[in-house]
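Below is a structure I'd like to ask you about.
Note that the chains take the letters A, B, C and D in the order they are written out, and that residue 1 is the start of every chain.
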Amino acid sequence: MEDRVERWERRVEVPLLLLAVAFLVAYAWPVLDPRLDGSLVDGLAVLSWSVWAAFLLDFVVRVALARRRRHYVVHHWYDVALVALPMLRPLRLLRLVALARLLDRSARANLTGRVGIYVGAVLVSAVGLGALAVLDAEQDAPGATITGIGDALWWAVSTVTTVGYGDVYPVTTTGRFVGVALMVVGVAAVGIATALLAAWLITYLTAEEAEAELEAVEAAEAAEVAE
Amino acid sequence: MEDRVERWERRVEVPLLLLAVAFLVAYAWPVLDPRLDGSLVDGLAVLSWSVWAAFLLDFVVRVALARRRRHYVVHHWYDVALVALPMLRPLRLLRLVALARLLDRSARANLTGRVGIYVGAVLVSAVGLGALAVLDAEQDAPGATITGIGDALWWAVSTVTTVGYGDVYPVTTTGRFVGVALMVVGVAAVGIATALLAAWLITYLTAEEAEAELEAVEAAEAAEVAE
Amino acid sequence: MEDRVERWERRVEVPLLLLAVAFLVAYAWPVLDPRLDGSLVDGLAVLSWSVWAAFLLDFVVRVALARRRRHYVVHHWYDVALVALPMLRPLRLLRLVALARLLDRSARANLTGRVGIYVGAVLVSAVGLGALAVLDAEQDAPGATITGIGDALWWAVSTVTTVGYGDVYPVTTTGRFVGVALMVVGVAAVGIATALLAAWLITYLTAEEAEAELEAVEAAEAAEVAE
Amino acid sequence: MEDRVERWERRVEVPLLLLAVAFLVAYAWPVLDPRLDGSLVDGLAVLSWSVWAAFLLDFVVRVALARRRRHYVVHHWYDVALVALPMLRPLRLLRLVALARLLDRSARANLTGRVGIYVGAVLVSAVGLGALAVLDAEQDAPGATITGIGDALWWAVSTVTTVGYGDVYPVTTTGRFVGVALMVVGVAAVGIATALLAAWLITYLTAEEAEAELEAVEAAEAAEVAE
């Protein structure tokens, strides 16, 4: 039954989330401190690959448990990409998106409010992870202008808001892909937030009008009946 | 009859699309590989001009078949521009817009979804064709900063999202026209996408309210009748 | 009577518009061709000051004809600014806004369409006049990067779309004021266009729903009557 | 009673506002004129610290008067930040937000108009205070490009509109934080203004439709009754 997959996913959710946090640490530490002790770097690399192995194992188990295996693989193509491309290390940070479920549980408010919180959380995560990823890609590149976490965060914020000063900018292909991702996230987030606010304002403004209209209809009918 | 033009257009649609793809190859190849063998460059130029001749022939036939010829030419001024200005080579890539019809056939979903797909397709095409066109214009210009397809794509994305770092930028007049086109496409696409999302959200949010309102009216009427 | 002012305004509308066009020529010509013959430059300066005198005369007449003179002056503060500050030469180009009335007459379509045309016309005028004004301010400044009409137009477009590469940028205070005006116009125009499109889409999408709702109410009432 | 806090706040509102203006002067003067006489700089520093002391006293009194003190402190965390972090001097300018209350009193128009005025006032204040704060942070920094109030205002406007030329940009951490604040304010203000305009347009456009609909319902009912 498909239920077996769901039961497995529920059981491994928290361990996999902790592994993703461990991966974040193993990924961020050497990026932020390039003069880290060599043996510690090796240890973190081992941790990073162990997390990859755990993700691979989790995916193999889920495919094995699924009823319609080919269908399952096609519909979880992002998991395939995460596991099959070990060189796309920054992508693995997307595992942390699972944290959004925690957010979802704590903020079961109205649609507008919840999406607003999502947009904010996505923007903050995008800036944080984007800064890490671009620093990883750039800091040893020749001619790089992004050489510290301060520069990286400043660049990430000015990219996500589409300001784009150009005082610091990525020069490597990986760094530029991170930039494209941040631009897309930024433009989409601003558009979504604007649309949400407009929708909320209109439902708020028209609620009063609709009420007045309903009352008018009822009054007209009452007059009719009286007649 | 006007039908003759439509029958002709339906019959030559696929061949002209294949010719436009051939033109894309003939246009892109020498741009992407500037050290291409001279005889191959000549061959591609011949192919390019043959496509132009085919487009010209198609347009002449369509005008000949049309009932109100002057009216037809005025209403198809973009075809005139495509055919009459052989030096505006990048413009001819607009022929590929016909590919949108394929998209139209595969995605006959709701209005919002379809326009969303259109906007996405337009943005991706604009970045791809804009990068090609700017590279063609810039790569041999003195003082150019866009000298490879990587730079060109990076510039196109940062232009279409209105980020505009200014680490690379066009210096030729042709390249700047490509830039203006990309800016207009980007600003328009973001605005259209935001407006569409807002419209979809509002109809979704008000649908429930309208239902509740209708029920209230019906209940009031039922009470009236009972009375 | 206040009518006297209106009658005067109607009578001098076309002459003043022609004078504004003459001012545009007198303003633009020496800006676009800095090596213009000295005597021609002097002639254009005379023309420019004559236009100013005509505007001053027009304003004096209008104030004299007005019933409540102080009130009229306060409500036409932009005319006061245009006439009282001869050093703010680029501002006088705003006279050409009167051309919008022609636009208004030719495009009496629905609200959305008309405002859309307005926004487009404002953007095109802003780019054209902004490029002229910035070139006038910058072209003889030390360290200027905007030294030709091509640079000026490219800068104006990249400013109005908020791309802002920063490959060329104003260095004088006047040029920066032109830049601020272009930024404000650009941001406002994009926001207004997006809001208009959203409003049009929503009224279009809800029109069908409202119809369906109305039919349901009518059907319920017909059933009631039949009963 | 909680009323005691409100009575205190009403009584000290105007004095605190005057103190905030005094703080603005004491903050802005040495920033704008770096060659200010030493003894005057000292006097302004004393004034600045006196304002801080007055703010501290005001906050202590309010906490003392509050019924639920811990609750009050948690809900006024921005007051805590303002008072507890004397090194975050620019933050104290936020006190001037109290001026918005004056605005609120003078412009009690419809919702859309009032929020429009708020957005405009926030943008103008953000540019002014942001330019001051960035100039304070940057003007003595090595390698700074923002070295005068003209540069600072130009940078603030191009940041808040997300143009971001990058001809001048902050190099210090404090200056970059000011930049991030300006970007967030700019993006949010544009989004809010667009959403407001869309909402206003839609309620305006649908008002007529709703009226027509209501009339149709009434006409149908009148016909029914006549029958």
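Going forward, contacts are C-beta pairs under 8 Å (C-beta built on N, C-alpha and C of every residue); 3 or more make two chains touch, one makes a residue touch a chain.
To keep track of the chains, here are their UniProt names: A, B, C, D = Potassium channel domain-containing protein.
Because the structure is a prediction, the values reported are computed rather than measured.
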Quiz item: Shared interface numbers for subunit C and subunit D above half of all numbers used, same, or below, different?
Solution: different
Exercise. Give the label of the chain whose average Cα location is farthest from that of subunit A.
Key: C
Self-check item: Angle, in degrees to the nearest 5, of the Cα rotation that carries subunit B onto subunit C
Solution: 90
Practice problem: Could you put a whole-Å number on the gap between the CA centroids of subunit C and subunit D? | Solution: 30
Practice problem: Could you give the separation in Å between the centres of subunit A and subunit C, each centre being the mean of its C-alpha atoms? | Solution: 43
Self-check item: Per-residue multi-chain contacts in subunit D, two or more chains
Solution: 162-166, 194-195, 198, 202, 206, 217, 221
Quiz item: Quick one: do these chains touch in a line, a ring, a star, all-to-all (complete), or other?
Solution: complete
Quiz item: Any idea which subunit D residues touch subunit A in the complex?
Solution: 111, 159, 162-166, 169, 173, 176, 179-180, 183-184, 186-187, 191-192, 194-196, 198-199, 202-203, 206-207, 210, 214, 217-218, 221, 225
Exercise. Could you please specify the touching residues of subunit B with respect to subunit D in the complex?
Key: 162-166, 194-195, 198, 202
Self-check item: Residues of subunit D touching subunit C in the complex
Solution: 150, 154, 157-158, 161-167, 190, 193-195, 197-198, 201-202, 205-206, 209, 213, 216-217, 220-221, 224, 227
